[in-house]
Every structure is written in C-alpha cells, then in structure tokens.
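What follows is a set of structures for review.
In the two complexes below, chain A is the common chain; its partner is chain B in one and chain C in the other.
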Partner chain A sequence: MAKRYDAIIIGGGHNGLVTAAYLARAGKSVLALERRPRVGGAAVTEEIFPGFKFTMFSYVVSLLRPEIIRDLDLPRHGLHILPLESTVTPMENGNYLAAWADHDETRRELYRHSPRDAEAYDEYGHLMHFMARAVKPILSMVPPDPTSFAPGDLFALLKLGKHFRGLGAERLHALVKLMTMSSADFLDEWFETDVLKATKSASGIIGTFLGPRSPGTAYVLLHHYMGELDGVFRAWGFAKGGTGAVSEAIASAARSFGAEIRCDAGVSKVLVTNGKATGVVLENGDELAAATVVSSLDPRRTFLQLLEAGDLPDDFVSDIKRFKFRGSSGKVNIALDSLPTFTCMPDGGPGGRLHRGAVSISPSLEYVERAYDDAKYGEFSRRPYMDIVFPSMIDPGMAPPGKHVMSIFVQYAPYKLNGGWTDAKREAFGDAVVNTVESFAPGFKSKILHRQVITPLDIERITGLSEGNIFAGELALHQLFFLRPAAGWAKFATPVRAYYQCGSGTHPGGGIMGASGRLAAMRILKDGT
Partner chain B sequence: MSLRTTPFHPRTGPLSEGQAWRRWAGYVVASSYELSHEREYHAIRNSAALFDVSPLYKYLITGKDAARLLDHVVTRNVRKAKVGQVLYTPWCDNEGKQIDDGTVSVLNEQTYRMTSADPTLRWLHLNASGLEVRIEDVSETTAAVSLQGPSSRAILQLAAEQDLSALKYFRLTPAVIRGIPVTISRTGYTGDRGYEVWVDAAQAVPLWDALIETGTPYGITPAGMLALDVARIEAGLLLIEVDYFSSRHALIEAQKSTPYELGLGWTVATDKERYNGQAALEAERLRGPSWQFTGLKVDWDSLEFLYAQMGLPPRLPSQAWRTSVPVYANGRSGRQVGYATSGGWSPLLKQYMALVHLESQFAKPGTELLMEITVEHQRKSARALVTPLPFFNPERKRA
Partner chain C sequence: MSEQRYDAIVIGAGANGLVTAHALARAGKRVLVVEQHQNPDTTADIGWVPPRVIQELGVRNLLLEEPDPWLTAPLPSGGALELSRDMGKSLEAIRRISPADAVKWPEFSARMHRLASVLEKLYLAPPPDIETRDPRELARIGGLGLYVRRLGKQAVIDLARILPMSIAELLDDWFESDALKGALGALGIWHLKQGPRSGGTAFNFLHHHVGSPAGVFRPARSNVTQALAGMNGIEVRRGARATVLAKNGRASGVSLDKSGETILSPMVVSSADPRSTLKPVAIELDPEFARAVGNIKARGVVARGTFEPETTPAYWNLCIAPSLDYLERAYDDSKYGQDSAAPYVEVQRTNGGGGGGRLELHVQYVVPGTHEGLTERVAQALHARPDQIALQPAHESLYHGELTLDQILFMRPVPGWSRYRTPIEGLYLCGSGTHPGGGIPGAAGRNAAREIV
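After this line comes the complex of A and B, so read on.
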C-alpha cells in the first residue's frame, strides 16, 4: 500500500462529500470514493435527452443546512438555491387549492374553501412553528443515547428534557400527538377542507411505506416548518442546475480544501484488523489504507456488505437486518415541448405562477389513502400521489429555450412489486403516471418529447440505495434519532473502531440536508484520527 | 401621480401587483413588481432581471475639450480612456471630499456621456469656463434599462443585430435592437454579468417589448429596487445618501468622505493633470485614510444566541436596510469604532451582511467586531467579522 490517508470516505453522495469537505477543511488528508462515473449519489443531474437536464432521483432541496452553505462557501462553488413559490392541488371536480407565496393571497384562497380553515391555518402555522422549534435542536445535536450513563449523554438528555418541559403542557401534548398520530388524524383536528388535509398529509408520507392514515406520519408535517427557523424562509427549494449542482458544489468545495475525489472507484470491502478499520479494497482489487474509514452508504451496505460477518456483534447485525428500507416511490422525468394546461387553472394563474411552483396530485385524503392501498398489496398505485415541478420554469437552463422539463415524484411504487419489476411493469407504471396527469391536464400526453421512468429497483440498481429508498432507510419514527440506524449506534461511530457512518441512514436522516455528513465529520474530528 | 413616471411606465405600470413604488430623482420606479421581491432578486443571480434605470441623471458632453473637462472633474483618467470604454468614477470638491459617483462613457473622441445620482449640470458648467465644450442634459430624453444576470448576454445577443461576444466588462457598443438604435454598455449595479441599454425615450416601450419577448424563454424577470438593493450590497457597491453623503449636502465636516475612505482609492488616478481635489487626495494617499469602507458578516451563532435568550428564533431583515447602525470593538473597551450604513440577508450566501465604515485600524479582514442588533426592543451586540468586499463576485461578471 502506498499513501495512507487520514480518512477514506466511501460514497460520493452529498453526505459523503460534506464529510469529506469538513474533514479536509480541518486539515486531514481525505479521499472520497465514488462507484459511479460522477459524484452525487442520488443527487445527480443528467442530460438524459439532448438539451434537457433532469435531476434524476431527488428533485427538491429540502433543508440543506445553511451553516453548511456558509462553512463550505458553497455559493462560490456554484450553489444557488431558488425558492419554490407555491403549491397548487388540482381537484377532481375541476376546482383547485393553492398555497401561494403571499400570506394574504393564500388566506383568501383558503377562505374560498372554508372561512373557518382560513383562520385555523394561521393558528396551525403558529403552533407548528413552536413544534418545529422544539424539535429543531435535535437536528443539530448528536443524538444522546437514553440508556447511556455517560456524562455527555446524560447532559444532552437533561438539556432535551428541560427543553421539552419548557414548552408548557399544551404544546407538549401537541408534540406527543405529532409523534404518535397519523397525519390525517392530526389534520382532522384542525381543518375541514379535505383537499387541504390531503395535500398537507401527502408531505408526511414521502419516503415512507405508510399512508396518510398510518400512525406516526404526523411528525413529518413538521419538516415544512423547520426551514424558516434558519432564515431560509422557505423549507423547499430547487437548486440551480438541479440537485446534481448541489453535489458538484460540495465536491468543488471539498477539493478546494484539498480532498481527493475519485470516481469509478467502487469499494468492495472495508479492511478490518483486530476490530479496527484500516482501509478499503476497491472493486478492481486495489487496497487503500486509512486511519479512519467513513461510509456514507445506507446501513445495510455499510455493515452487511462492506464488512465480514465476524466483524460485528450478532445483536447489532440483527438490528441492521431489521432496519427497514421499503422503497416506495418512483420518479418520472419528462421532456416537454410546451407546458401542460391544467383544467383547474387554464391560464396558469396570475403571471403564470402555477408552473413555477409545485403541483400536487393529492385531490382528496381518500385518493392518497387508496394510492397506498394498492401499494400495501404489492401493486403500484393506479392513480398515485404525485409531486410535480417544472425545473425549467425555475432555472431556464434545464431545458432548451422555450422547452421544459417536468419532474414527477411518484408514490407509491413498492420495491417489492408483486411478480417483481420488469421492463413491461416499468412502462405500465409510467403509463399510470402519465394517464393520471392527463386526467388533470388534458393534452399533456401530446406535449411529451421524451419520458424516463425510474422505479425503486432502478434507484437501487443505479445509486445502490437499498430497496431504492431515497432516504437511505425509511423515515419512520422507530428509525429516527437515537434509533437511526440502531439503538446505541446512532452517533456515527460503529462497533468497528475507526469505522464511521455519515449517510442519510444516520441521524437526522434523509433529504438533502447534509446534516448527518456534517455531524459525522464533527464526531470524527472530536474523536481524533 | 404628481411625480414623473419613466418612459417605460406604460409597460411597468400594469406589472405592479402591489402598487409599491419608490421615488428616485423625481420619478417613481417599482420597488417590486410582485408582492415580494424574492423572485426578482433570484432572477439577478439565476437568469436575468430587467430594471428601469431611466431616472439616472445623464449628460452629453461634446466638443474638442470634452475629455479635458471631464478629466478635470472626475478622479479617474478620462483622457487615457479609449472610445467604447466606460469608467466608473467618483468626483470631488477641492478638498478631495466626494460629491457624487457615476459613470463616464466614451461614445467617440469628442462625445462623452456622464451619469450621476445627483443633478450635475451646474457643476459641469462651473468647471467648463474657457473650454470648448457643449454640455447637454439628456436625462429626460434618454431612457435606460439594465439587464442583469447570467442569461443577460444570451438574451441581448438574440435581440441585437451586432455581435456582443467581444463586448468586455465596462465597454460599450452602438447596436440595433429590432430596428431601434441603442447603446449597449456592459455595466450595472449588481456585481453580476449584466448590461445597460441606452435608448431614445421615444423608443423605450418598443425596446422593452423586444427584450421581454426575446428574454421570456430565458427567464427574463422585470425587477424593482428592493431586489437591486440586496444585489448591490452583495456586490459591495455603495449608494449616495445611504452609504455616504455628498460633500455638497453635508452640514458638518464629519459627514464628508474621500474616495479613499469609501474604498474607491483605485479610482483616484495618480498619472493625470490637475483635477478637483487633487492636492488633498494626494496628501491622503500618502497619509492613508483614517476611515475605510468594507464588509461585515454577522456571525450566525451569535445572532441565534441573542434571540434564543429572548426565547425567539433569529429574525432576519426581509429587505435590505439602510439605516446607520453602530459597530463596536470586541474588546474590553467596547468602544464604537464604526457604523454600518446598509445591510441585509443574502438569500444566496445565507449570510447576514452589512456595509460598514470603520476606523482604519479595525478594518483589517478577519477582525472580530460587534454590531448592534435590536432584539425585542433591546439593544444587543452580535459578533461580526470584517470581510473584504464584494461578498459575492462571480467569474461570469467579467468573463
């Protein structure tokens, strides 16, 4: 073996790159290894159809931590996060529900559906603001282990406990409800407008194999309120150049701090000697040595694939084996000759703003729950929940002038489809998506120049994410905080000394936050390599 | 409206969703067209924003001695400037105190256009005695739009008949857009790739239409002063009456500044004949200015802490502010060592930034200072770091 690195990072997804950048910034010699020809993992932009660029898998930037943007000077490396202004939900009766950027406009819109809900909406927002603040410290905190007696854990728990007591009874109750109820039930307590509840609850099921009536989904509603606490003002944004541009910016920052990034360099095995990681073996057989090895892959691959069975304690192995992935979503990317016209808003709204925001296909709670019913029994949704954006309307550079790209996030498309995914099933799934959009936007099909359908199996095959779960492990409550990915091992360390985890499969979990990558780097630096 | 509207108003007027207008040199221009300026701001950095900048004061200076006059007035070397060049420059009184800042464009050997923030006709005349020169106020007859952003070049290139690929930063060229004669200068107030298009006021509306039609597939977005204000702070560009006072309006000496004190030392030519303020500026150059104009980044953790003490999440200004805010030394003395004059949140950089005047000894990049922040009616101080300007300087600006 030639050079011995301070740290080798396995996987060039955004979290792996964030860890690499922070470690390099601290003066460590760092090598990041990516199996694919380009960095990004699930956050890549590719020109699949000439002139049309697609964010292949992930599509919006949720909560990319502002401190990461500042610390790594990402705008200088090309990062620009653009606001996604609005959400319009077309209804099956030709009406619609819109949430606009302006508060008064949104209020008036909601009033059209229910004067009562229009008022409740503000109160709900006020409460959610407090809830988000209650939960927020957890995001930037290394999760304490409640069963540990280590002073650090005790202190952190004490701080959290104090923090929660400070909320007062009413808010504490709301927090418990949020952590336990289904999003539909939680929203039932607030609103009467079905389409409003459907659209809000739909955001609570993204990346899970749960329906809006499944307990525990209410928690995810909070994520939407988290962003505004960070001076982001909007929780959701779109990165100029697509999510691949986020990865490229982080990679560029990492390189500027001296990190080495190698693509086409898949890792087949982590070398472990006497319970301590010492390096990696590449798929081509090369061995590379490092004082610390960090995996940004999901927990299944981090532990069950890259290590030998004997490297880990049995109970830990069975915990990881139980860790749920259950990819449940697909993606349809479409190149468009022109923008589709939605029946509910033929003129595209004032200033054509419909297409500048998200279009949510969640016309009723029943619609979304029925979409889940299909998946529960092993089928893709015949009429799925969809979150549609037109990236070329936000960043015109995504398509040739005057043409457009359309990104459709689709749920549900179960990884474990009855009879398994085949090319024919993939196309049938694509047809279901296109037909559903067509029902809300007649003439849509005739505008399609090219379509790419991505199933969970495709996500797994291309990015490696187990079972195609975009969050590298289901974002269910029993897999969050100190339980992510396994009790006792949520703090980025692993049972193997000098082997760390930094991906979305660790606290605080998925989305393009980069938080786990940053926290892992902090932990590694604190432990000293 | 009793104030004047610009030649573009037939188009900009109906675009205003919230009737939010700002006064500028006796005209009204849009603060923002949409209810929030957010999207207009992002257009500057993401695609292309179209600003109506017609209220600028504009003078046409012609004749054998045109260059001589301007060279005598401004601090930069006008006689060295080539045809097609645009100079950004301040001008000073005889004590070297800054009167105004603007641009001087060399249209041809004997024709110059000067823009200014304040009326400058009288000052030019006062300096022109004995010179063979004609000074014409073309403020009302010349309209101007500014097209700023990464896609600005692509749009203008499609709209204009001339090849613009060779048009360098701070250069201009005559051009024709849909049969309309215009002057295109690669200038702006955003620190991004951008152009300004100068046109006869009578042709303003067809020019606007041509640009909007050509630019729509590229995301062209009419934008107002609120968006511009954020971008110009990111770019570290100062604004008269906000970041400094004209020496002609100052009531006391302390309100006046020299170009050296405003970070404009680079605009003071040392290789030219006598000009207004020369002796004083030369002395200041040798002595070094006692004040400096620079950037300040407010530390996020510190800001968050101040609000957390009150049980609040950090509040950020939703618009750029333009008030004077004290800045203190971060030491035992805690003495005031300067003041911020503009500030705001950069949505791009995720950074709370301010433009500050600091005593020179505290102006070194990296110096830790304290900036006053009012939290829940109480005066607090947040840690802040002296940062060289500009905060944001993309390569595309010059490329």
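After this line comes the complex of A and C, so read on.
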C-alpha cells in the first residue's frame, strides 16, 4: 500500500464533498472517491442530448446551508443561485392559481379565489416563518440520544426542551400539529381554496411515499419556509449551470483546501481489522489505507454492502434493514423546440414569467391524493403530480439558442412497480407524464425533440441511491433526528471504529442541504482521528 | 326561573358523565345529570374500564366480558384464524398460517404491552402540562420520564419510533400473514378517518390495547354505564337535551330543550362533545379558542348496528379485515366521500344488556348521510341476508374527536385546554373529547372530577 490518508470519503455527492472540504480545510489529507466519471451523485448536470444540458435528478436548490456557502466560500468557486420566483398551478377548468415574487400581487391573486384565504395568508405566513426559524437550529445540531444517560446527551436534551418551551404555548402547539398532521388537514384549518391547498400540500409529499392526507406530511410545509426570501411562498433557487454546478463548486473548494478527488473509482468494500476501519478496496481491486473512512452513501449501502456481515452487531443490522427507502418519484427531462403554451395563461403572463418559475400540476387535493392511490397499490400515477421548470429560461446556457430544456419532477412512480420496471413500462410512464402535460398545454407533444424518462430504478442504477429514494431514506417522523438512520447511531459514528457516515441518510438529511456532510466533518474532527 | 338546588349539573349519562357525577356526589356536591335519551343505553361499553374507577366509586354489578377466543378471522382458504387469551393457543393458530409469524408473536405481544403500559400511566391522570413552571408538575413529568427509562432502552426507542408510525409499517416489520396483519391492523384504524398506511395509526392501535393482557388486541366489553346508572347518590333526568347557559364568562346553568325549563347551577360539566357543548356559548369565547374548537377533527366513520342470524354463531368476535390492503381500499372510498365498497366489519357477541347472544356490529368506513346499499354490502361480507342486519346511521365521531397525534394529551380537546376546563368559569368538560379520549370508559370522567374537586 502506498500513501495512508487521514480520511477517505466514499461517494462524491454533495455531502461527501462537503465532508471532504471541511476535513481538508482542517489540514487533513483527504481522498474522495466517486464511482461515476463525474462528481455530484444526484446533483449532476449532463448534456444528455447534444446542446441540451439537464440537471438529471435534483433540479432546485433551496436549503443549502448558508454557513457552508460561507465557510467554503462557494461563490468564489462558481456557485451562483438564480431565483425561481413564481409558481403557477393550472386548473382543470382552465383557471389558474399563481404565486408571484411580489407579495402583494400574490395576495391579490389569492383574493381572486377567496378573500378569506387572502386574509389568512399573511397570518399563516408569519406563523410558518416563525416556526421555520424555531426549527432551523435543529438542522445544525447533532441529535442527542434520549436513551443515553451520558451527561452530554442529558444536557443537550434539556437544552432542546428549553428551546421549545421558549417558543411559547401557541407556537409549541402549532409545532406539534406540524409534526403530526397531514398537510391537507393542517391547511384545512387555514384555507378554503382547494387548488391552494393542493399546491402547498404537494410540496409536502415530495420524495415521500405518502399522500397529502397522510399524517406526517405537514412538517415538510415548513421546509419551504426555511429557504424563503421576501415572502415568496416557495422560494426555490436554480443554480447557474444546474445542480451539477453546486457539486462542482464544492469540489473546487475541497481541492483548494488540498483534498484529492478521484472519479471512476467505485469502492467495493471497507477494510475492517479488529473492529476498526483501516481503508477501502476499490472495484478494480486496489487497496487504499486511511486512518478514517467516511461513507456518504445511504445507510443500506454504507452498512450492508460495504461491510462484512460480521462487522456489525445483529440488532443494528436489523435496524438498518428496517430503514425505509421506498422511492416514489421519477424525472422526465425534455428537450423542446419551443416553449409550451398553457391553456390557463396562453401568453405566459407578462414577460413570459410563467416559464421563468415553476409550473405545478396539482389542480386539486383529490387529484394529488388519487395519484398517490395508484402508487399505493403498485402502479405509477395515471395522472401524476408534477413540478415543472424550464431551466433554459433562467440560465440560457442550458440549451441551444431558441431551444429549451424542461425538467419534470414526477410523483408517484413506485420503485416496487407491479411486475417490475421494464423498458415498456418506462415508456408508458413517460407517456402518462407527457399526456398529462398535454392536457394542460395542448400542442406540447409536437414541440418535443427528445425525452429522457428516469424511473426510481434508473435513479438507483445510476446514482446508487437505494430504491431510488431521493433523500437516501424516507424523511418520515420515525426516521428523523436521533432515529436517523438508527437509534443510538445518529451522531455520524458507526459501530465500527474509525468508520463514519456523512450522507443524507443521517440527520438532518434530504435535499441539497449539505448539513449532514458538515456535521459529520465536525464530529470527525472532534473525535480527533 | 327555579332556585339553585344543585351544586353541579352533568350533561350526559354515559360512562364518563356518570363517573364524574358520582365522584362529585362523593365529594359532597348535590348533582343533577341530564340525559337526552329517554331509555338507558343497553349496548355494551367497549373499552377497558380502569379498575381504579370501579374501586373508587364502589361500582357493583359490573360485568366484564373477556371473550375467548378474542378474535375470529375467516381465512380465504376456508377455516378461520382464532386468537385466544392463552398465548400457547394463539401461537398454535398463527403457526398454522405462518410459522415465521408464530415465532415473533410472543415478543411482539410483550413489546406492545410494555408500550401500552406507558400510555396507561399517562391516561389515569391529566395530561402532562408541558408549559408548566410548577415544581410539582415538573416532578410528575420527570417521574414519567424516569418510568419510561426504567422500562429499558428498547422501550424508549420504541416509543419514539412507533407512535408516529403507521400500523401497516409496524405490522410489516413483524409479520407476513395478510390475515393476521388485517385483523391487527383493524385496531389501528378503529374509529379513525385514516387508513392503515397513515402515520399515527400505530398509536391508535396501542391506545386500544391499553388495559388488555399481552397478546390480546381487542378491548374488553362491559356494562359499566348500566352499572353506574344503577347506583344511588345522584339525580338523573332523562329525555331532555341540555344547553349550557353562560353570562359574563361564567356558567350559570342549563336550559332544557322541550320544556324550555332553566336549571341554575354554578357548575356545569359536559360529557357531550366539546363542539356542541361550546357552540351555544360561543359568544362568550375568545375567537382563537372558538377557532380551535371549530378545528377539532371528529369525522364519524363508524356505523353501529345489530346482526341477527338464525343461530347463535360459534365466535365471540368476528373480524372481516382480510388484509391491510383491504382496509386501505375501504379507507380510499371514504377519502372521496363514499362509504366503503367493501367495508371493514366486526361482529361482537355480548352477554351484557338484554340477555344472551346479542350481536353488535361495527362497520367502517362510512360517511354520515350516505349508506346507500351499505346493509347489503355488510350482509355480503357476513354471508348473511340483508334483513338480518340493522344499521344505525353514522354520526360524528363517537370519540368526540379523532385520536390522532395532534389531538391527544395536552392537545385534547384543544391545544392548551387539556385540563377539563374551558375559558368559561364553572364550565367543564369530562367526555371522550377530553384526555385520554374514547375507548376507555370512565377514565376522562374520573380525571375531570379530580381536577374539578
């Protein structure tokens, strides 16, 4: 064996890269290993059709932790986030609901649907802002272990209890409601306009195998207030150059601190001697030695694939086997000859701003709920919920002049499809998506130059994410905080000494947030290995 | 206007109302109970009656029914899965449909029983007040925490992990047999407008397991309401619906609907549901509180009724819920405002009340106001004739508020008002709409009386 690294990071997704960057910044010798030819994991930009660039999987940025942007000086490494300002929801009767960048305009738009809801909207917004602020510190803390009697854990628990009591009764109650209710029930308490509730609750189901009426979805409504600016009700951003540019920026920062990043270098096994990780074996058979090994892969692969059966205690293994993935979303990437025209807003609104924002196919609660019903019984949604953006409208570099790219996030497409996914099923799924868009934008089909359909199985094959779950493990209440990925092992350490986890399958997980990667790096540095 | 002859008026002569009334009478109060129905309810009370309620009030003539086998679930291959109070017998029955499930049954039963014991501890006292600064209340919360920790690390993890889960996820973790999962899963959706895949249904399952022995997942049945009604010490007026009267933020008594009579009393305790109790006095309420009351989810999903087959069946408790998917599909219909095309049906044979062999029905999911063709569909599920089935139309939730995680403990009946009080001085709540909720007859009534006294 040649060089012995201080740390080897398995997986070059954004969390792995964040960990690598922080460790390198602290002076460690770091090697990050990526199986694919490029870094990014599920945050990649690829030219799938000549001239047309796509953010293949994840397509928006809203939660990237500001401290990471600051610490790693990401703007200097090319990170540039462009706002996605509006959301338009076409309705089946030809009407629409829009949320614009301008708060007052959004209120006027809501007023058109319901004066009462326009009134409630501000109060709702204030509450959610406050709640998001109250929850945010949790994203930057290492979860305490409530089963432990260690003074540190007890102290952290007390502190947490104090933090929540400090919110005051009314907000504490709202928090309990948010953590336990379905988004539909929660929104029912505030609003009467169905399409508003449908569009808001749709953001609560992204990446889950739940419907808007399933308890546990209300909490996700908060996420959308965490990255919010200036009262826009779904503040999402789009990275210039696609989400791949986010990964490239983090990689560039990591390199600037001295980290080495190697692509086409899949890891087949973590070497463990006497209960301690000592290095990794690559798919080509090479062995690399390291004082610390960190996996950014999801828990299933981190523990069940990279380790030998005997390396872990049995009850931990059964906890990891129980950890749920159940991928539920797909993606359709389309190269367009020209922009589609939506019936509800034929001119695309003043300045064509419909295409500059998101188009949400969530015309009613029943529509979204029925989409879920299909998936519950093992079929893809016949009329799916979709979140559509036109990246080339925000960043013209994504498509040839005059042409466009369209990114369609689709739900639901269950990983475990009845009879399994086949090429024919994939195309049928793509057809369902295209036909549904066509019903809101007649003539759309004739504008399609190319299409790429990605099923959860494809996501698993390409990125490695188990069952194609985009959050590396479902973001359900019983898989969050000190239970992510397993009770007693939510602090980034693992039962194998010198082996750490830093991916989205750990707290707080999900989205292009980078928090897991950063917290893991802090923990590793604290442990002093 | 009559003079004040009563220290307290209790609305409703169900188990909770009567427990509160008797407890107040024991404390030396002159109590009147007003009940809207003329005839005493003779249907069985379903749910565990806390022994402390019985002891404290000295209830006699209580008939507790513990059917054995506690569940009979027909199998698609013919025959039935029979689950008994005897662990060995249940094990044998489960082994016949799935040896793997039989192996897991004892540990599953023990783990669930331990979790239910935590709930039991929470249920026999007012919910913990998480905003308190009172050292005694803080000590009580600390004591609860300690109790849970003493149950062991696994119990702490289970509690945090299982309560928000769906019953389907919980059962899928343990078992493979559809028949077993369907029969157990039904308890998770009991009286809830949620399907087995909805989060929080694992809690509902545990709620209804409180008080049952390990390995028994159907609540006990009793005649507790009748037994309480037979006791002396309180006055009961039947056949009159009472409306709360309040003035300047104080309860002043009730008015009776038909006669228009007013009965004065400085204290009114209602076991009726919180919404209908508070509606007539809404003008006295703070708008925030009124809004919270309006937001109580109490969607009725159960139709009760009776079944009269030609011969008394061999089972005690028949459950038609062949799989979790069956229950989920039954729920799907109700999401879109329809009765289940294939409903979950349970037949409970009881000895209490009007003599032997009475068969009571629990049919879920139904939507109040519909029920077209429902009798026929229930008959079909039971392989019976429609004329043998008599269903009563469904009302709002019999639990006066669904037992979802956002409506329990200090959130029940409305957040911040879980101590049986209301913003109206002298007006209290003591029914299933308050902690610990439905399915545990007498518990809310007892807790309320203790708070009031």
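Side notes on the structure shown:
The rule we apply is simple: the second predicted complex is superposed on the first by the 521 of 529 C-alpha atoms of A that agree within 3 Å, B and C clash if a C-alpha of one lies under 4 Å from a C-alpha of the other, contacts with A are read in each partner's own complex, and residues count from 1 in each chain.
The rule is short, and it goes like this: contacts are C-beta pairs under 8 Å (C-beta built on N, C-alpha and C of every residue); 3 or more make two chains touch, one makes a residue touch a chain.
Everything numeric here is computed off the predicted structure, so don't read it as measured data.
Following the overlay on chain A, a side-by-side fit with no clash is recorded for the pair chain B and chain C. In the superposed pair of complexes, A:E85 makes contact with chain B only, with no contact to chain C. Residue contacts after overlaying the shared chain place A:E105 against chain B, while chain C stays out of touching range.
Once chain A of one complex is fitted onto chain A of the other, the partner contacts of A:G351 are limited to chain B, with no touch recorded for chain C.
Angle at chain A between chain B and chain C, computed from CA centres in the superposed arrangement: 130 degrees, to the nearest 10.
Of the two partner chains placed by the overlay, only chain B lies in contact with A:P396; chain C stays clear of it.
After overlaying the two complexes on the shared chain, residue contacts for A:L172 are found with chain C alone; chain B is out of touch.
Contact with chain B, but none with chain C, is seen for A:R133 once the two complexes are overlaid on the shared chain. In the superposition on chain A, A:K240 makes contact with chain B only, not with chain C.
Once the two complexes are overlaid on the shared chain, A:R70 sits against chain B while remaining clear of chain C. Nearest C-alpha atoms belonging to chain B and chain C sit 19 Å apart in the superposition, given in whole angstrom. Chain A has no residue lying at the interface with chain B in one structure and with chain C in the other.
Across the complex, chain A meets chain C through its residues 146-147, 165, 169-170, 172-173, 176-177, 179-182, 185, 189, 210, 213-216, 322, 324, 366, 369, 373, 376-377, 476-478, 482-483, 487-488. Remark: chain C residues 130-131, 149, 153, 156-157, 160-162, 164-165, 169, 173, 194, 197-200, 295, 297, 325, 328, 332, 335-336, 404-406, 411, 415-416 touch chain A in the complex. Residues of chain A touching chain B in their complex: 66-67, 69-70, 75-76, 80, 82-83, 85, 101-102, 105, 133, 228-229, 231-233, 240, 350-351, 356, 394-397, 401-402. Those residues of chain B whose C-beta lies close enough to touch chain A in the complex are 17, 34-36, 38-39, 42, 45-47, 151, 217-219, 300, 313-314, 316, 318, 345, 347-352, 392.
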